[in-house]
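The data blocks that follow each hold one structure.
In the two complexes below, chain A is the common chain; its partner is chain B in one and chain C in the other.
Presenting the complex of A and B:
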């Protein structure tokens, strides 16, 4: 076992150096990337901002990026965002929780049209909850495009629903070229769920735009201590624990206030607690917050509290720390990997442990030994940047560009070998049907007859050529890539 | 070791000199398998399976009694007398076993409930008798069979007292169906009383028996099973043989199957699992009083 691991380790180092060499050689290789996910603006959340920020940074680095998602109400068709980032809002039926229905086939004509029109070379799908992401992976492999998948969430193994979704993930990822996870815990989870070779799974964390989350100590009231919570008010975020913490600490500390931003079914719990203990003046529920308002809420507090029961990365605590707050959080999922020990107090997911952690931080705050918000911010802003995420993602693209996409026969064999005799055979059959459907579409409208879209971003991007600002920026980034 | 000699750490906030797809020897070291999986012992499982077997036999007993009444070999008066005797005996046992329990209903309240119930069943038995007159007999039998099956499937074997509403309703519906094919209103009354006794009250007594005197429980279950088989044997030896085989499979083979499958159990736990809240948080809402 040890021998094998060491051999694997050597292999990693070797491939690491060859990676670097490849990047040096093909530093100028630009990719046409298509990001696919059901989750994108106007929907709000971690996945949405990840896709947007990553796309923007890739465009700045000279790649061409388009985003494909489903139509959100009246928002359908093609939209352009900042820097010529093109978004396709495809007319697909939404089933549940903003995820589209999947039949494995109906989205092929639309997605093929986009992939061909935009001359896509890499299909990058996001989030395992998104049916559209899995569909696009399936079709992209049928069309012979290289594929990348980013997993943003953790999943258990115990119940029936997770057994089924894990099987689907196995099918979807067994022939995907590369997988990206947002934390090491998430990588372990994904490798186990989809029975993958860990070597094709990279860990690239999320990031936070530090200029969006700057501290402002003048906005907080230092005569009292304010604990801020910004989260959806749902069970998985541990709102029941929060409901236990509030009365415990409010009885002990008369100058303690809670500021809670977010909306969800568990709001009832907090309202009941507030009613029961007459805490209306000390526990403020702000309701749903827009992304731009989050910073204004964060800077009003001294302590940021996160009570999540499961979390792959947790951007909220980075945002909190970036605003200069003392962070107290549960020790679950990937959270222990995110912030260094001097920026975060980790507790077990119980009321008593969280209260203990909070009391420690309150004592530090009262004694005045807590680090200054500006110092905390200066530390955090060096930890995670989107440009770093983009550089590391670019390396993944460079690496898979040299890899071969499995031809149909090998893909069928891989499906049967990795996904079990029953599910493997079924999906091998579906893959064959998908291939025949693609042939039909290619016969109806040959690739050569499909219009080629104007490039707004990318090497021949019209927007980039027109604006002198981008020209100034690009050489600078290329330099930084060369020097690193 | 990385390029600069520093060992790998499982942290994201540090830029480490390892490639992003690096796999350390500590990969998956926090993986735990089969945490808290129960190791079953064969005879303990057989004991518990006895509950399923005796419930099946209860259905057989009711069907046997109904069949005898249908053929006219059992008069309703005999059945009523037997039922009342059994009820009194069972009630006495139930009270005797529940002496330590607090919050028991008074004897007077029990008597009141029993009287109201008997009066209503007696009053409504002519209605029940004619309830399914317009429905063909085959349909009634099929419906009864389906409902008894539903009763067996939905019976709350883990917590049999009080019997679950779905299983109890299904059993009573089946009894009404069967009773409505009997020759007279008194027959219907006797049949319903007997059904209530077997499907509603017997599980309560059995549950208490299991709580207070666990050693007697297997005997009780075996007795009921034997009763069911013997009753069925007097009607149809083939049916009795089938029932015997089913009961044996339920109590002896199924536990064996469970033990065998348990060995193949492979449950994975790790830091990615959703944390569970073990504390009782409802007390916070219930208040400080």
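Presenting the complex of A and C:
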């Protein structure tokens, strides 16, 4: 069954490539991509917006994209977002931190159904914290689909939880076709953690939507200097450092104000500092911010401060710079790669070094030698665009489309060779069970009994055709199911 | 007017029959195959063999009579409450939609929705028993606010036809909804 499936897939791929070659000017093959992650809206964060923006750009480039995530409370079933982006909220049990439980098997029936009915060719999983992403990679390989994985975070090597996650990552990635990291530091980290061949790891940075983050110098008060911090208030983001910087600098500069957006367990630290030094009028804590409000906070400041202790790729500093702020940040993880030197001041992750850096920038601001916000924005807007990310991701898809998915015997051999005798054997056994389970499912519900889904996006997308005729897409689609 | 072959989502054959009473009145009947004798035999035999095994050990004749009762009552309940022979959708433009299901015993349950309360008929997707399936449903307007949907009435719930069948019914219904 699996063999036949692979043969069929290869057939479609081969015909696809020849079509693409014949089409020539129309660009390359169009892929049916399935993005899988535990993290998606209504949950908020960097991974979520990355998946959404990347999907939107891929749809614009003519690919078909569906997103698979787990159900969030009452939000379950199938939904459509802008431009026919289809989202499956599958009812899988959430274990911890919005991540589903990994049993390696229970998600197979639903995921298989989605992959088959949407005629998926590429499975793209996101975030190493997401159990669902690992599950889907595992199942996709069993089903003979090509796989891509994007890693969004850096990890340590020392503590127990990292050791376990790294082992899981090794198993999960050893037969994945391609891996994408968001910065070179992250690539190095992932290659070491998962013992990978660096050749199959690409670096594609994140992007920001520059039109969302435009500078507005009229909104800021030039009689004082405002430092903006927007981050979750957690240990990883270096909030303890911030608690050390605030009293130091506030004593030195009477016109210095802090504006802090975000929520988290470390809010206590900041409140203590504010209480102790009587800085209520100068340190404002805004609490949790919605994504659309971030820009309104950013434009009120002159300097953007980031105190992260670890970071694969810092979106916040790009957003800050895009709003025309001067950026001061710690020199950790992938941050030095993110912005050119004239837009950022890098410091060591210590209170004294960060104070020095801030003082230098404050002096520049006072002297009026700081670059104009509009100039900074114009520079940043060319650096990171989602279209660029989508183009580079497309190249990865094109490349793996010609690659071969490992058949089961080679996959087992590779698992045992790469992942150590014990874990390798265990997971090879699990892979065999997964394959048998797939055979059982294919016997219970043959592929021919699964209705092919109507495409909302992609080459035969119904929304794309409708949107030219009618702007009111949502009710139109439901009708177009019948009229196609 | 029955036509080409349709199956339900499990691959069992279904027949779709549609009658055009007039230009604004159409009736669709989806029928599932009758209760098969073989299936009844198998279930009855299983229960009776099991009962006989228990009787062999306990030597209590009440077990046998209980088994007979269980099969009889079970069969009655099954044809009266579970097994639906055909589901009918009668759509009359400007008047409304009548949905009825007739059980194997002959019992019928019917609901009627006025046209003024119907917003639209659509094909939707749902997650059902570890699968993702298409189904046809009626969107019912909220009386206070005509733009929002207060209720969704799924059609052909027990027969669960596949997409090709749904599309046929859907198109026909839209023709009538479009007239009014």
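Just so it is clear, the second predicted complex is superposed on the first by the 441 of 484 C-alpha atoms of A that agree within 3 Å, B and C clash if a C-alpha of one lies under 4 Å from a C-alpha of the other, contacts with A are read in each partner's own complex, and residues count from 1 in each chain.
Throughout what follows, a residue touches a chain if its C-beta (ideal position, glycine included) is under 8 Å from a C-beta of that chain, and two chains touch if they have at least 3 such contacts.
Predicted, not measured: the structure shown is a model, and the values here were computed from it.
Engineer: May I ask you to decide whether A:291 touches chain B, chain C, both, or neither, giving the answer as first, second, both or neither?
Structural biologist: Neither partner.
Engineer: Which partner does A:76 contact after superposing on A: first (chain B), second (chain C), both, neither?
Structural biologist: A:76 sits against chain C, while chain B stays out of touch.
Engineer: Report for A:339: first if it touches chain B alone, second if chain C alone, otherwise both or neither.
Structural biologist: Only chain B is touched by A:339; chain C is not.
Engineer: In the overlay, answer first, second, both or neither for which of chain B and chain C A:309 touches.
Structural biologist: After superposition on chain A, A:309 lies in contact with chain B alone.
Engineer: On the A-aligned overlay, A:203 touches which partner chain: chain B = first, chain C = second, or both, or neither?
Structural biologist: first
Engineer: Is A:276 contacted by the first partner chain B, the second partner chain C, both or neither?
Structural biologist: After superposition on chain A, A:276 lies in contact with chain B alone.
Engineer: Looking at A:350, would you say it contacts chain B, chain C, both, or neither? Reply first, second, both or neither.
Structural biologist: Touch partner of A:350: chain B, not chain C.
Engineer: With the two complexes superposed on chain A, say which partner A:155 touches: chain B (first), chain C (second), both, or neither.
Structural biologist: After superposing on A, A:155 lies in contact with chain B but is clear of chain C.
Engineer: Once the two complexes are aligned on chain A, which partner has more residues of chain A within touching range, chain B or chain C?
Structural biologist: Of the two chains, more chain A residues are contacted by B.
Engineer: Report, in rising order, the residues of chain A that make contact with chain B in one complex and with chain C in the other.
Structural biologist: Shared contact residues on chain A: none.
Engineer: Please output the residues of chain A touching chain C within their complex, sorted ascending.
Structural biologist: 76-78, 88, 90-91, 109-110, 113-114, 117, 445-446, 449-453, 475, 478-479, 481-483
Engineer: In the complex of these two chains, what residues of chain C are touching chain A?
Structural biologist: Within the complex, chain C contacts chain A at residues 7, 9-11, 120, 122-127, 130-134, 162-163, 167, 170-171, 174.
Engineer: Mind pulling up the chain A residues that touch chain B in the complex?
Structural biologist: Residues 2, 5-6, 8-9, 12-13, 15-16, 19, 154-158, 178, 183-186, 188-189, 191-192, 198-205, 236, 238, 240-241, 243-244, 247, 269, 272-273, 276-277, 309-310, 313, 330, 332-334, 337-340, 349-352, 383-384, 388, 392, 395-396 of chain A touch chain B in their complex.
Engineer: Give the list of chain B residues in touch with chain A in this complex.
Structural biologist: 10-15, 18-25, 27-28, 30-31, 267-279, 281, 284-285, 287-288
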